[in-house]
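Two complexes, one shared chain (chain A), two partners (chain B, chain C).
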Partner chain A sequence: MTSQPILRLRNVVKTFGSFTALPGVNLDIEEGEFFTIVGPSGSGKSTLIRLLVGMDEVTEGEIWLRDRRIDQTPANQRPTCMVFQSLALFPHMSVGQNVEFPLKLRKVPAEKRRDRALELLDLLRLPQSYYSKRISQCSGGERQRVALARALAFDPEILFFDEPLSALDYRLRKTLEKELKDLHSRTGKTFVYITHSLEEAMVMSDRIAIMNKGHFEQIAVADEIYGRPVNRFVAEFMGEVNLFDVTGTDGGGLSGAGLESHMNGHAETCGVAMAPGATGTLMVRPEYVRFLASSDTADFTLRGILHGEYALGSRIQYEVETLGGQVITVEKLREDRVDRQPGAEVVLGFDGDHVHLIRGQ
Partner chain B sequence: MERHDRKLGLLSAMPLGLILVLSFLAPLVVVAVFSVMPAKVFTLAHMPDFSAYSVFFERGYYKSLLWSLAMALIATLALFLVCWPLAFGMAKVFGRFTLVLTVAVVMSLFVSENIRLFGWVLTLMKGGLFEGYFRSLTGIGFDSPLYNTGIIIFGLVYVYLPFMLFPLAQGISMVPDDTRQAAADLGASRWQILCQVELPLAAPGIMVGSLLTFVLAAGALAESKILGGQAVIVIADDIETAFTFGQNWPLGAALSMVLIVIIGGLALFGVSRIDLDAIMGRKR
Partner chain C sequence: MKTSQTTRIALYVYGVAIIVFLYLPLVSVGFASISKARYLSFPIRHYSTKWYAEALRSDTVSDLLFTSLKVAVIVTLVSMVVAFFGALAFARYQWRFCSLFQKLILLPIFFPQTVLGLALLMWFNSVGVIPSWKTAVVAHLVWIAPIATLIVAIRAYSFDPALEEAARDMGASTVTILREVTLPLLMPGLVSAGLFAFLLSWGNFPLSLFTTGADSTLPEWLYAKMVSGYSPLVPTLGVMSVVGSFALILLAMSIGWLVRSVREARAG
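Up next, the complex of A and B:
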């Protein structure tokens, strides 16, 4: 990464009539990174990407591509390019013609165009025989690759993606996620990706931005967002999570929500020390919650009734209702399946190393 | 089971098939046979000869045909240019106003073509709506634009506008918005988008609209008679004269056959080149 960001957004505002979609977005994207913007539908992420590629005009604010201000530049003059959710391939052209389209616009000679198109088909692991195939003869995954090849033929400074995998089935999506990440490292280009799927973001991205109601809740690397979310929204958005409303106690510990704390003074080192009377939310991911036998100990324990067991493929998910009525989610690997029947009384425990405290909420 | 189904399908198509054969094919056959009868006979029980067809060339009827085809071609091209922006607006821009426009255009079809054309005559003739008012206000008169080929083409454009407009709007609505956006994103100018994305993808609509207007305009009669004052004779005029005033049915039939073969061939060629299913909204 270089010191100067490749893309800078300064206080970008977008309104539609009286509705404010983006109240003022600031963002720096580094050269060569895989940056993913994740958010629920209606969070403004699609609006944002349309501004970035030039399909909509900003109401206020500035977009800079290196040293060039581009927010007033029409889409067809920006050196960026987007892979559409619908892919937007040209159905009346062959695979080759689709890939060559941006080159043809630049009046690249036919032979060079063909060479480049075949090269790109290779890069995306499409057989060269696909060059003359019709788009309608290609499967979903193949179309995806054609759309990518077409975008790469444009040789953009930044390649944008607007949820291009959302229409595909699970297996294919998983394969293409890895291929995209691989493609990113092989091309060295800056990728800016939009999705509502946390998993997709986690697999591929260098950095993730969590978007909600037109602003970013948190921008960080995947591990940080997963393990140390800044607020409840991010915590809950990033997959299954258990949250406890807690209050600081006099001894420097914390209590609440039926939790029993046995921190014995090392709350400080785990980053969960609280001033007496301060409030916060304690977060623990389901994979860190254990079922305790009578002899086991843990930093935090709580009692409950085992409700249900759900098989999630490689993992098993358990739901435990605490005495206070809160439902706790526990996940175990299939090999660590526990031998308890629904209705049984259980003791759950987790350690201070695996929790994260969101203060003041 | 499948064979049984096919048989049932054939059987249920039979009544309609018979009606179609009787009402469309039979008259065509009669006309075709009449066209090879000797001049001025009124039955089909004669030795066939091709005298009517030789008359087509000897007496200059081919000139009428060329006029008809040429004016139809110009009218079709003009209609395409006029209707494309309008159809684009209807398909992509106007929103609910499209309905207003559609109703307005369709309403004009409720009034007979001849009456509408006479309306134009009253408007454009010397001493008519335009020239009359202009002269009484300014004292300066001008010649009527009526009675030449230009006004005939105007008439064709005016009368057949709906037949180009609606298929074209349908065709344009088949161009996905995101392909246009993608083309722009990949660096295409407005003009390049039009030529490389919109026109090819709207081709079925363009073809249907052009065929409809060309076929109708090539056989049109009222425009040249009413607006053109027979400044040129069109082929439909010759056919009518042969059947009525001329009392020469074989000649009329022969002229009709020439027109039918040319236009039918063109229509078949055009239809074979496009995906009619696509414009009817059916997916393959």
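Up next, the complex of A and C:
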């Protein structure tokens, strides 16, 4: 991905009356990548995608598709296409007519349209008999595939997705996430996906942008965002997390929130060395926290009372309240279940390799 | 919930009472129309279809039917066009005076029709238009177009705006979107609006009475004959009018059914 980005946003501003939805967004999306924008509702991600496909006009700023400026181009003249949250399949047309719609607009002859539609049904693993089905006869998952086939029939330069999986049940969503990722690698197209679900983003994306209040908090690959968030918002948004307010101590270590540090000098190699008096937030994900037996050691230890135990399917989640009143979340695989009763006093530990320090917050 | 025996019986009695109440008068008109006698009296002694034959022969009757039909058809067509665009303005687009428009357009429905008819007549007079069946068309439209708009608007509310956006996104122009997406989706609403418009115009008396001038529609004539100069032609035409409306509804329904099955056959 060294070539020119396929999509560039330069200082894009969108206001509605006196409300500023996007104060000035800059973004580069690379050719062929699966790029996901994740954010809570009201973060401006839907506003942004509407600008990108041309449903709304930018207030200020520029959108470039390769070397063509497109922010003033109406939606029906942009070579991009979107899969809507509601899918927006035409209920008065059959599956085939839906898929052929963009081709019909381009005056492709009927026979060619049909061939292409059947080809796309194949690609989306829908039986050819679906060609003549009505949309109302299709299940939720099948409708997703029809919507995708229709968007692919358009043959867009960039395919946009506005939370198309949000209305489906868990199992189907999981299946379709994988299919979508698979489809992305088979078609080689640039996918830009919007969701509020971190899981969806993690499963499918090459890169993830975390959006909050109209700007990007962090744009990076999934592992980076999960393991090395730039701030508390990203850390908390990307799933369960334990955060500790810490201060640098004289010996190059850190302390705070009831943590005992036993780093013994390798704070440097773990990237958590702090200047004396500096403040920061130490992050550790629940799966890296261990229950320590009296003989065990760890880089950081912490005492608390075991509060509750919750089964999350394949994993068990524990809540431990520290002496300072902070609730720590611990997750273990079911096979590593810990034999301790609620109310028991426990010692928790985690290692420097698994923590991440957010400085200055 | 299981309905008890008494509830069920009560429901049957209620249902039958409603049907009797609604349809018995119609049946008696039907009987009156096939009586041979000049005046209405029960029981009917001699049955005859002579009044039907007379109706079909009479020039007055064909003039009446033609005037009523002319008015109703024009009102229907204009209402459907107005309702289509009105409903889009009503339900699909957000614009500055939308909520004012929504209220204003409904207002004529709430005016008593006699007042509306009188008001329109005075207005026609003051602008120097001589009342005829054409002014009746305008009068009917003032009352019927809002109703038709409302019927289409209900349909317009129920469809996803994203459908139009999706069509645009895939390259459709505004005209193409109207033709390929909006119109087909609003079609069921438009058909019902058209039916309503026709039937409301066909049966309308108060507005016609004030605004047709020298022309006369069927309901006006029926009333005039009832008041003076009754003949069994009155119930005869009444029955013909009801049968005609009924046939129209059947026709519309079968066209709908035909369109659906053709579409399905084509898709299959």
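In the analysis below, the second predicted complex is superposed on the first by the 360 of 361 C-alpha atoms of A that agree within 3 Å, B and C clash if a C-alpha of one lies under 4 Å from a C-alpha of the other, contacts with A are read in each partner's own complex, and residues count from 1 in each chain.
Going forward, a residue touches a chain if its C-beta (ideal position, glycine included) is under 8 Å from a C-beta of that chain, and two chains touch if they have at least 3 such contacts.
Since the model is a prediction, treat every value here as computed from it, not as a measurement.
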item	value
Three-chain arrangement built on chain A, chain B and chain C clash or fit	clash
Per-residue contact with chain A, leading partner among chain C and chain B	C
First, second, both or neither for A:229, with chain B first and chain C second	neither
Which superposed partner A:248 touches (first chain B, second chain C, both, neither)	neither
First (chain B), second (chain C), both or neither touched by A:134	second
Touched partner set for A:96, first chain B, second chain C, both or neither	second
Touched partner set for A:164, first chain B, second chain C, both or neither	neither
Chain B and chain C contact sites that coincide on chain A, given as residue numbers	53-55, 74-77, 81-82, 84, 86, 88, 90-92, 101-102, 105-106, 150, 154
Contact footprint of chain B on chain A as seen in their complex	53-55, 74-77, 81-82, 84, 86, 88-92, 101-102, 105-106, 150-151, 154
Residues on chain B engaged by chain A in the complex (per definition of touch)	176, 178-179, 181-189, 192, 196-197, 200-201, 203
Complex contact set, residues of chain C against chain A	160, 162-163, 165-173, 176, 180-181, 184-185, 264, 267-268
List of chain A residues in touch with chain C within their complex	53-55, 74-78, 80-82, 84-86, 88, 90-92, 94, 96-97, 101-102, 105-106, 132-134, 150, 154
